[in-house]
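In the two assemblies presented below, chain A is common to both, partnered first by chain B and then by chain C.
After this line comes the complex of A and B, so read on.
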């Protein structure tokens, strides 16, 4: 019995780890390759989650919906809408210093949260959406559904990883790194800096939308208070920094490492006496904040440092 | 008309002065140290809790205890700068932005750890408003906020234009390399930037808390409008940031006045979005701010 409990704990750990890996890969496109600071990860994550939930739930009188589309279409819809939101932010801010993009992305996340809380015709407000379906739900019953979903999440992680590696190795990715490292010389060789940055930001945001959508399908219920937006944004940043920004495998490794640390410490702190158990979550937050400082100062390249792809020559 | 002044104009001016005090710090840090300080809101929260902790011991008007909050924010800001921001100074400033993002969380978890995360208030009960000219009923707190902000604005202007330190601060904001080669003490300028920014943050935080209540998200929720105010006034222009703060405060509060018909122009639940929309508009059409600040 103890062993099955442990097994399902590992399953849920890996599902959320996979979702964080997707967010981390997305941030790696924006920050690792493009050098763009996005402080509103939670906003794009939320757009994705709500879009996919609304597209796939059965009809309800409490919120917009009743499309009942299959989950993969929900994921695509989530990516499109989150990408559009990202495009709007990027269009306005990419030509300015990256600090402005940071401010604007946090602002858009805040506005999106307001819309989700206030527009109850769309999202049922703070009561949230329920009965969100899971993909491949009729394959199994009961708790084995989690295992199937685990497979689904990591299948998506694999797809995103392959896409991100392709982007990383492609001429597009090379131009992007050139822009990140030396904007003036990249512009001098004829690269349209603004266009590249907007593309980067949109791609990253679309992937974040997919991550959000997967979390909606995992929890089957969605409400504005379910997750602390700042915590999501922050954890993803720490994951990417620790894993190695610029390296896709580093992003996945960082996501799994930090998420495991974060969850496993929760087991220990939950055994503390109640007056300490509530405080312990703040201690964890404090430690993660300090961890970021240490990584920034001492291990800026992370667990798996960035590697330029090898130059391949066509055979004659 | 009287309703407009009592319920919209004066609260708006009070909120504007809170934003103004916070935005001055953000604008000066952005101008001199060249990064958007994401931990400024949580620095405000920390100062407010410092005042709250003293208020539990010394039962006087909390406004008199603000110096304790100021001491706390100055010490924390200088320590954070020394141990977390300074080592990153040689790198692109975006690393400092990331670091300050983390420091915001550190500040907040310290506040929650020490003082808990529940809502707290300085006093309970309702204070009767002050009646001016037999018609206007104004909350004493709002009046105090506006007057104190005006005094600070005058002092700050004097400091920046007359004293040697203040003038070197403006020089560094204009051109750091030129200031350094002309022999200005950059380290001192940075120290003073933090001292001023942190003091005003503690004052702004205390007013914000007296206006509503004390909670760990107090400062973070004010961060967005303060950034908007700093951009509006032009980065590196403290007086511009002051004006920007009042403009944002007025715009936010007055947007929910029933200008047309009987309904609020913009639903009050979207009040915080007003600042953001203004900021977006500025970034598109006039990113250097209203008063010709620098575009970094």
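After this line comes the complex of A and C, so read on.
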């Protein structure tokens, strides 16, 4: 009994770890390669989560749809809509220098969250969406469903990782990293800085949308609290910094490491005296901040630092 | 050939360039000299498109490029280096050069994810050009080093290498000699002369060391207070009263420039 409990704890840890890995890979495209300071991850994550939920749930009178579509279509829809949201934001904000882009994106994420809370015809407001299906749900019953979902999540992680690696190792990624390092001289060597940045922002946001969609399918229920910036935006930033900004494997490793640490803190916060228990979420927020400080001061380049891809060609 | 027509640039209330007009002849090595604050770097920024002039036109081979952005001008054949090195610090020397090449197939996101074969031959070409350029600049021993870790002089060489990668018509060199030791500097001069003769590359360089200018340039433009003071051969401008006055003020001193 003890062992099966531990096994399913590990499964749930790895499912959420996988979803965070996707978000972290997305942020790595934007920040690690592109130097774009997106502090509104939660917003694009929310757009993806709600899009996929609305597309895949059975018809309901409480919110738009649902359209009862298969889950993979939900994920594709999530990527497209989050990407479109990213495009709109990028068109307006991408010329901003990094710290100003951070402020703008925080604001935009908050706007998206308020839209989700208030437009109840679309999202059922704070009551949330329920009966969100899982992919491949017919394969098994009961708790084994989590194991199937774990496989599904990590299959998506693999696809995102492959795409992100190709982006990183390509001439496109090289030019993007050049723009990140020095915008003026990249422009002087003929790089259309704005076009690269818009592409980068859209790709990152689309992947964030997929991450959001997967979390909606995992929990089967979605309400505005899911787009909490602490759990989405800031935790993902800590993960990328710890793992190694600019390194895709570092992004995955950072996500798994920090998510494990984060989950372990739950064991302690659950044992706090009752009068502290209500404050546990604030204590964890403090811990995230401390963790980010330690990482930034001590391990600036992360567990797996950025490195240049080798130049290699296929044989003639 | 580059032509500036009655260019004005204002920074707030300060007029950095005041109705300056001059030409940079094709196939030549032109020097741009003048005291600090004369507007030399600003003129380069206007030519490269980094600064939009408040009045006047910039022509490249007779075509008006005043409204083009920096990256469009680079595509039209203009290359430049910066006064303070602007290297891509986290990229290796090789990557610095490769990233500066034109790569239409390899910079297409769709190709990159789904059709990697499409940019293979283009990339091979870029790689070979980059290696040759690294060799030309004698940077072989630091080819895999991150550019951010190089010395000031090596960074300047990387800048020149990046400028060469696009096979430009004209290269603007902003104080390429500053911070470079004498030996390297004279080597660099040989390379510039060689590129000019063998590839027919046009150069325009900002330089304070007049001996260096006289070694390289067949034509010198002198700027002072935001406008063209005079132009001519090095010896002509060296002995020009107005040039001496601009550098030292008053013109009372028998200055040896």
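Observations, loosely collected:
Basically, the second predicted complex is superposed on the first by the 301 of 316 C-alpha atoms of A that agree within 3 Å, B and C clash if a C-alpha of one lies under 4 Å from a C-alpha of the other, contacts with A are read in each partner's own complex, and residues count from 1 in each chain.
Throughout what follows, contacts are C-beta pairs under 8 Å (C-beta built on N, C-alpha and C of every residue); 3 or more make two chains touch, one makes a residue touch a chain.
As the structure is a computational prediction, the values presented were derived from the model and not from experiment.
In the overlay built on the shared chain, the residue A:191 is in contact with chain C alone; chain B does not reach it. After overlaying the two complexes on the shared chain, residue contacts for A:67 are found with neither chain B nor chain C.
Applying the stated contact rule after C-alpha superposition, one finds that A:87 touches neither chain B nor chain C.
When the two structures are aligned on the shared chain, A:107 is found in touch with chain B, with no touch to chain C. Legend: residue contacts after superposition of the two complexes on their common chain; A:171 is shown touching chain C, with no touch to chain B. In the superposed pair of complexes, A:8 makes contact with neither chain B nor chain C. When the two complexes are overlaid on their common chain A, residue A:154 makes contact with neither chain B nor chain C. By the document's definition of touching, of the two partners only chain B reaches A:96; chain C does not.
On the side of chain B, the complex with chain A involves touching residues 30, 35-36, 38, 84, 87-88, 93-95, 97-99, 101-103, 105-106, 108-110, 112-113, 117, 220, 223-224, 227, 231, 267, 269-270, 272-273, 276, 279-280, 283-284, 287, 295-296.
Within the complex formed with chain A, the residues of chain C that make contact are 48, 50, 69-71, 74-75, 79-80, 82, 86-92, 94-96, 98-100, 102-103, 106-109, 112-113, 116-117, 119-120, 122-124, 126-127, 144, 146, 159, 162-163, 165-166. Of all the residues in chain A, the ones that touch chain C in their complex are 163, 166-167, 170-175, 177-178, 180-182, 184-193, 199, 203, 246, 306, 308, 311, 313-314. Here chain A touches chain B in the complex through residues 35, 37, 39, 92-93, 96-100, 102-104, 106-108, 110-111, 114, 117-118, 230, 234, 237-238, 241, 279, 282-283, 285-286, 288-290, 292-293, 296-297, 300, going by the rule given at the top.
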